Amino acid sequence: MPRPSGREPGQLRELTVQRPFPSAAAGSVLISAGDTVLLCTASVTEGVPPWRVNRDDPARSKGWVTAEYAMHPGSTPGRKKRGPDGRATEIQRLIGRSLRAAVDFAALGNRTITVDCDVMQADGGTRTLAITGGFIALADAVASLDLDRPSNGVPGVKVLTRSIAAVSVGVTAEGCVLDLDYAEDSRAEVDLNVVMTGGTTAPEGDTPGDYIEVQGTAEGEPFPRPVLNELLDLAAAGCVGLTAMQRELLGDRFPG
Amino acid sequence: MPRPSGREPGQLRELTVQRPFPSAAAGSVLISAGDTVLLCTASVTEGVPPWRVNRDDPARSKGWVTAEYAMHPGSTPGRKKRGPDGRATEIQRLIGRSLRAAVDFAALGNRTITVDCDVMQADGGTRTLAITGGFIALADAVASLDLDRPSNGVPGVKVLTRSIAAVSVGVTAEGCVLDLDYAEDSRAEVDLNVVMTGGTTAPEGDTPGDYIEVQGTAEGEPFPRPVLNELLDLAAAGCVGLTAMQRELLGDRFPG
Amino acid sequence: MPRPSGREPGQLRELTVQRPFPSAAAGSVLISAGDTVLLCTASVTEGVPPWRVNRDDPARSKGWVTAEYAMHPGSTPGRKKRGPDGRATEIQRLIGRSLRAAVDFAALGNRTITVDCDVMQADGGTRTLAITGGFIALADAVASLDLDRPSNGVPGVKVLTRSIAAVSVGVTAEGCVLDLDYAEDSRAEVDLNVVMTGGTTAPEGDTPGDYIEVQGTAEGEPFPRPVLNELLDLAAAGCVGLTAMQRELLGDRFPG
Amino acid sequence: MPRPSGREPGQLRELTVQRPFPSAAAGSVLISAGDTVLLCTASVTEGVPPWRVNRDDPARSKGWVTAEYAMHPGSTPGRKKRGPDGRATEIQRLIGRSLRAAVDFAALGNRTITVDCDVMQADGGTRTLAITGGFIALADAVASLDLDRPSNGVPGVKVLTRSIAAVSVGVTAEGCVLDLDYAEDSRAEVDLNVVMTGGTTAPEGDTPGDYIEVQGTAEGEPFPRPVLNELLDLAAAGCVGLTAMQRELLGDRFPG
Amino acid sequence: MPRPSGREPGQLRELTVQRPFPSAAAGSVLISAGDTVLLCTASVTEGVPPWRVNRDDPARSKGWVTAEYAMHPGSTPGRKKRGPDGRATEIQRLIGRSLRAAVDFAALGNRTITVDCDVMQADGGTRTLAITGGFIALADAVASLDLDRPSNGVPGVKVLTRSIAAVSVGVTAEGCVLDLDYAEDSRAEVDLNVVMTGGTTAPEGDTPGDYIEVQGTAEGEPFPRPVLNELLDLAAAGCVGLTAMQRELLGDRFPG
Amino acid sequence: MPRPSGREPGQLRELTVQRPFPSAAAGSVLISAGDTVLLCTASVTEGVPPWRVNRDDPARSKGWVTAEYAMHPGSTPGRKKRGPDGRATEIQRLIGRSLRAAVDFAALGNRTITVDCDVMQADGGTRTLAITGGFIALADAVASLDLDRPSNGVPGVKVLTRSIAAVSVGVTAEGCVLDLDYAEDSRAEVDLNVVMTGGTTAPEGDTPGDYIEVQGTAEGEPFPRPVLNELLDLAAAGCVGLTAMQRELLGDRFPG
């Protein structure tokens, strides 16, 4: 049975990126996966949160990366009220943890980068697209700091240590599928979000990355181990594809 | 002495519009005046606020239009924290009052239209551009309701009774000027925001509209009546120009 | 057609002042215009808000003036709930901006004066009476600091640089009128609040002051330029009258 | 050793009342005891709180009386910030409980009377003066309802069943004293607030009322039973005096 | 007429204590009086609240003791919502004041002890049991600091200067009774909570302590002085009994 | 290298249960795993949240189960402030989702069961112990409703459809380990929480359950698929052990 969108089980939605999007932030990306559209901006501010300050020498505090996730009132039919709720809190904690896995905070220094992920149009998979797009905004913000520039023959520091991508997989009436849209997500039996480091694509076969986060929920029936395994395979392949897109977009800003 | 931007004293910034912008809202406009960029969406929801309900027959309550104004965290250098403050409260009340002046609430019926004005990039004049752009989103949302359609030979009702545009004028070191950008606004002696109904452009001379709102503040020295008069002249001409743009964009959705 | 109160179109309501009103504040005035009654107090506290502090030498920070506006629960029929709302936020921002236009902050020094305007009985025109009365409380608070006293033959500094008065004008069924009470205000087509510096009264003709704030709203039909002009004339004359009252009350505390 | 004010140990401060004070509330009293000044207003609103509604017949719900206590920003040197705190919460619960003891809620019917007690100038004893003055405002609000009027020869119902007065007593360096001002209160070893029903004054000796509330606190050393007894004697005499004042002011509105 | 529980008028409920209860706090006591069960924990943190800091030498600030009172959601039928309300605010202020009367803050030094009183099962008398049990947790927390230890032959300081116990008394259909449970409390005419210092028990007769707090409320009819006297007698005897229990439990941690 | 606690890699902490714990809730369990101690209570209230109400016939709304997670102030050294934060919000959403997987809401009927999980002493693994213990409280609350009782020869409905248990696994310096305590958790490279349905224990080999939730986070280095597989094996075995304990405790209240 074909998916509602006609996609293959392991096929990502079409991705488009407008970069930069008009903004005062150092990094800003309008990213779309099918009809899901997010604005990801990355703003740099001096200093770090109080609990992060180096008491001995505040100027040498290690940096910090945090995220905020918000749904624009026009992102869903019926108008979404502004302001954080439990779901948004949970999601922005996931985004922040995931992006921090890509950063060398000693190299970033006494700065905070806040990645704001605003859903402009919601059609499923907003939290994983926020991570995939947020990474691009983060990379642009890091590049704007020019910390990686070698000076006097000494190589610059590397703030970004690896790339990060994320995708959702799930079990629908059509079986295990990749990158669910709302029509699929709202009826899925299982919903699994996977955040991985960038794997590599090669003619002789793709190499998947490693795990940053795995979050799976049985929305209907509990699921057995073989289903979990199949979902993890799909997600790994999806993240390899998303990483290839990030590598192409970022060019020499792509880490490694 | 020329303006920082090189514009003439009575010259508007260049206006561009992306319409629709990806959104689930009935009307959505990304509008730019120079480097000031706003997303204006207009969402329709059934029913009206409690104080507006017709006690005798709730289904026959008159409609309502309200607005929210928010600055995206990436809209200003240094990252703007989310959440309403006194300034935003004041601005969104102005936007709501202004747009309500264009609507026949009996014709709108038991519905609320919320116009969300999100500043994506702030370079002066955000509140007036929110009104000018918000009117376009409002007109699209009204059109989506299809209430104006004549059926059975009876002409449809007219929900929009007039058009609304707004612009800022001020006194800078270069004298009285129209449509200030941030470089001008931050050093202006006087800041005047004017909201007017749509005037008309004609070869034999423009006809300005009437006033919906006039809000002027002496940021530095108090200003005498002749200066106020000169500013009001500039603003009236500016609103005529903005109205011409709205008329062209909206075509037969433009009221009147 | 006569006004409901029997007043002439350009006639102010009767003004009465109890000064001081029992309070621990440095300035305190119970001011009435007809049945509208406000308590305006001005409290002096050491230091200024964080964003106002002079980083190089906090003790030499320039001063600050701010305002709070509140309606007492008993000020309106039906009991008004305590706590700020959007309207109060907008009004207290207006009062604060207006009163700051009268102050030399370098002369005030590292102090904050907070002008609290509490409406005890509301019958229209509360925001403008808050400014007119708040100026008197402010002048008394400034006088209590004794900063203007010449010592050793050196003239003292002048903290107050000018006087401020405010009044509302509007368009009712009786035409353009000054100083609307609630019966008029609630049915007015246009509502315009004007804040001006003190003009002067003289046998050979009054001289109006300059503008600090002009805030006009079409509550019903949009209004054309000639109506705006007529309203501005009425307001200027009204502010001259209010200033004369302030000058008499304050004696040598009146600036200039 | 004399008290700082020169008063006798059992002497009340001088009481003055302005009644009504300009207000839209049904009852409004500006009451002073020495330099402590409060505005007490009593507002009537239709209906009762949700938990108080008679489910079977909402229109026959028994009435309710509640209180709010607030310190005006100008009531203390240094400006008191607006908004409830723990102390205000505790005090307004005491005021509400005390005044409710005077009311027959079946006779009051489906109405809520809110007694707002705003401290305009604080010099000790604000909570007890709020009760003594709040009772007067409450009596005026009840009278405005005209529920007690006999019609058709049938005597009217009695909403007020008794009078209520309150006073503070304490132990200072001068021993047990009545009606402490701030100079005494701030250094008192014991602080006791007593709320009583109206006693009677007669040439052959006063008859004290009964207790509604007794709240005593050792601010310094714990106090033994004989001291408590002496304080209770002083308080009872004080409440008799306050009741005499209430009786004279209220005339035939005084219950009983 | 016997009490619902079959107890004598002056008989306390059975007291049981689990000490320590699993906790990271320095003192933790699960205390039961009949079916009323509270967990009282006392946590020590370095430093004192801002208003308590010694400006000249923060490290030599005097200590502080504060309390929080909360009802666990499962403590009452119908599930109690979490979060403070007016009643809890009033109660925790009483607990804090009462426990502070037992402490020499100079001896405690620059530390704050917070006594958390969580009602696990509510059957009347929670606020007084919180004080009686909170004192035990406080004593254990103080002992954990080891400040009283004599070193080098110099006797240690005494942080606890006296013991504190509390009990409720009231007037029910059975007359004046001690230590009311919910069945009695909910129908009591008078409710009086008394906090006293530790009295002593001896064969030749008990010696009651002195008063820290007396809080009495007429829930129904106002009560005359003789009733107050009888209630105070009952409470004094009850506190002597509770103190005996505290003395036995605390051993040489009991003050004096 | 042995674990700090001396446990084997796949060994659970010792579990103890006090049931019921004094409470007014229908189910109440004090559960300990090593030094981690939680109180789980399950309260039943009539009706369901507004969004859950059956509009056609409210009395036939399907039931609901929700959870709250709170850390008692004394649960950690340094005193944890009360009130929800982002972490608590995330955890209580997990607990609620997990427990709902065990319930047939049509059989539960128009009721809400709230499972409150209060951490009394925190030593790692609080969120998974909250689920394991919360299930027991939930089962007791369901049993108290007596809905499963066959009457008139008709077998009763089954509200609980399966059992739920949860455990944490992680990667420490000692490799993959089960049921981490704080000493392990705070230095773990990977932290994985797994919620599963009840598997079965049998002499011929255990049968693990299916997945309800899988939440894994790389706290340090990203982890490869084989590590994830090993962790999932450990977790499945752990949940089988926890289920055996639940089965023994609940007896015929255990579902299935």
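We call the chains A, B, C, D, E and F, going by the order they appear; numbering starts again at 1 in every chain.
In this section, contacts are C-beta pairs under 8 Å (C-beta built on N, C-alpha and C of every residue); 3 or more make two chains touch, one makes a residue touch a chain.
The chain list, named the UniProt way, goes like this: A, B, C, D, E, F = Ribonuclease PH.
Small disclaimer: the values here were computed from a predicted structure and weren't measured.
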Q | Proportion of interface numbers common to chain E and chain F (over half same, under half different) | A | same
**Q.** Centre-of-Cα separation between chain F and chain B, whole angstrom
**A.** 53
Q) Taking each chain's centre as the mean position of its Cα atoms, how many Å separate chain C from chain F? A) 62
Q: Could you tell me which residues belong to chain F and also touch two or more other chains?
A: none
Q.
Edges wherever two chains touch, nodes for the chains themselves; is that graph a line, a ring, a star, complete, or other here?
A. ring
Q: Would you mind giving the ring's chain order, read from chain D onward, with chain E coming straight after?
A: D, E, F, A, B, C
Q. If you look only at chain B, which of its residues touch chain C in the complex?
A. 86-87, 89-90, 93, 97, 101, 162, 192, 196-197, 208-218, 221-225, 228, 232, 236
Q) Okay, in this complex, where on chain B does chain A touch? A) 21-25, 28, 32, 35, 37, 39, 41, 43, 45, 68, 70, 72-79, 82-83, 114, 116, 118, 120-122
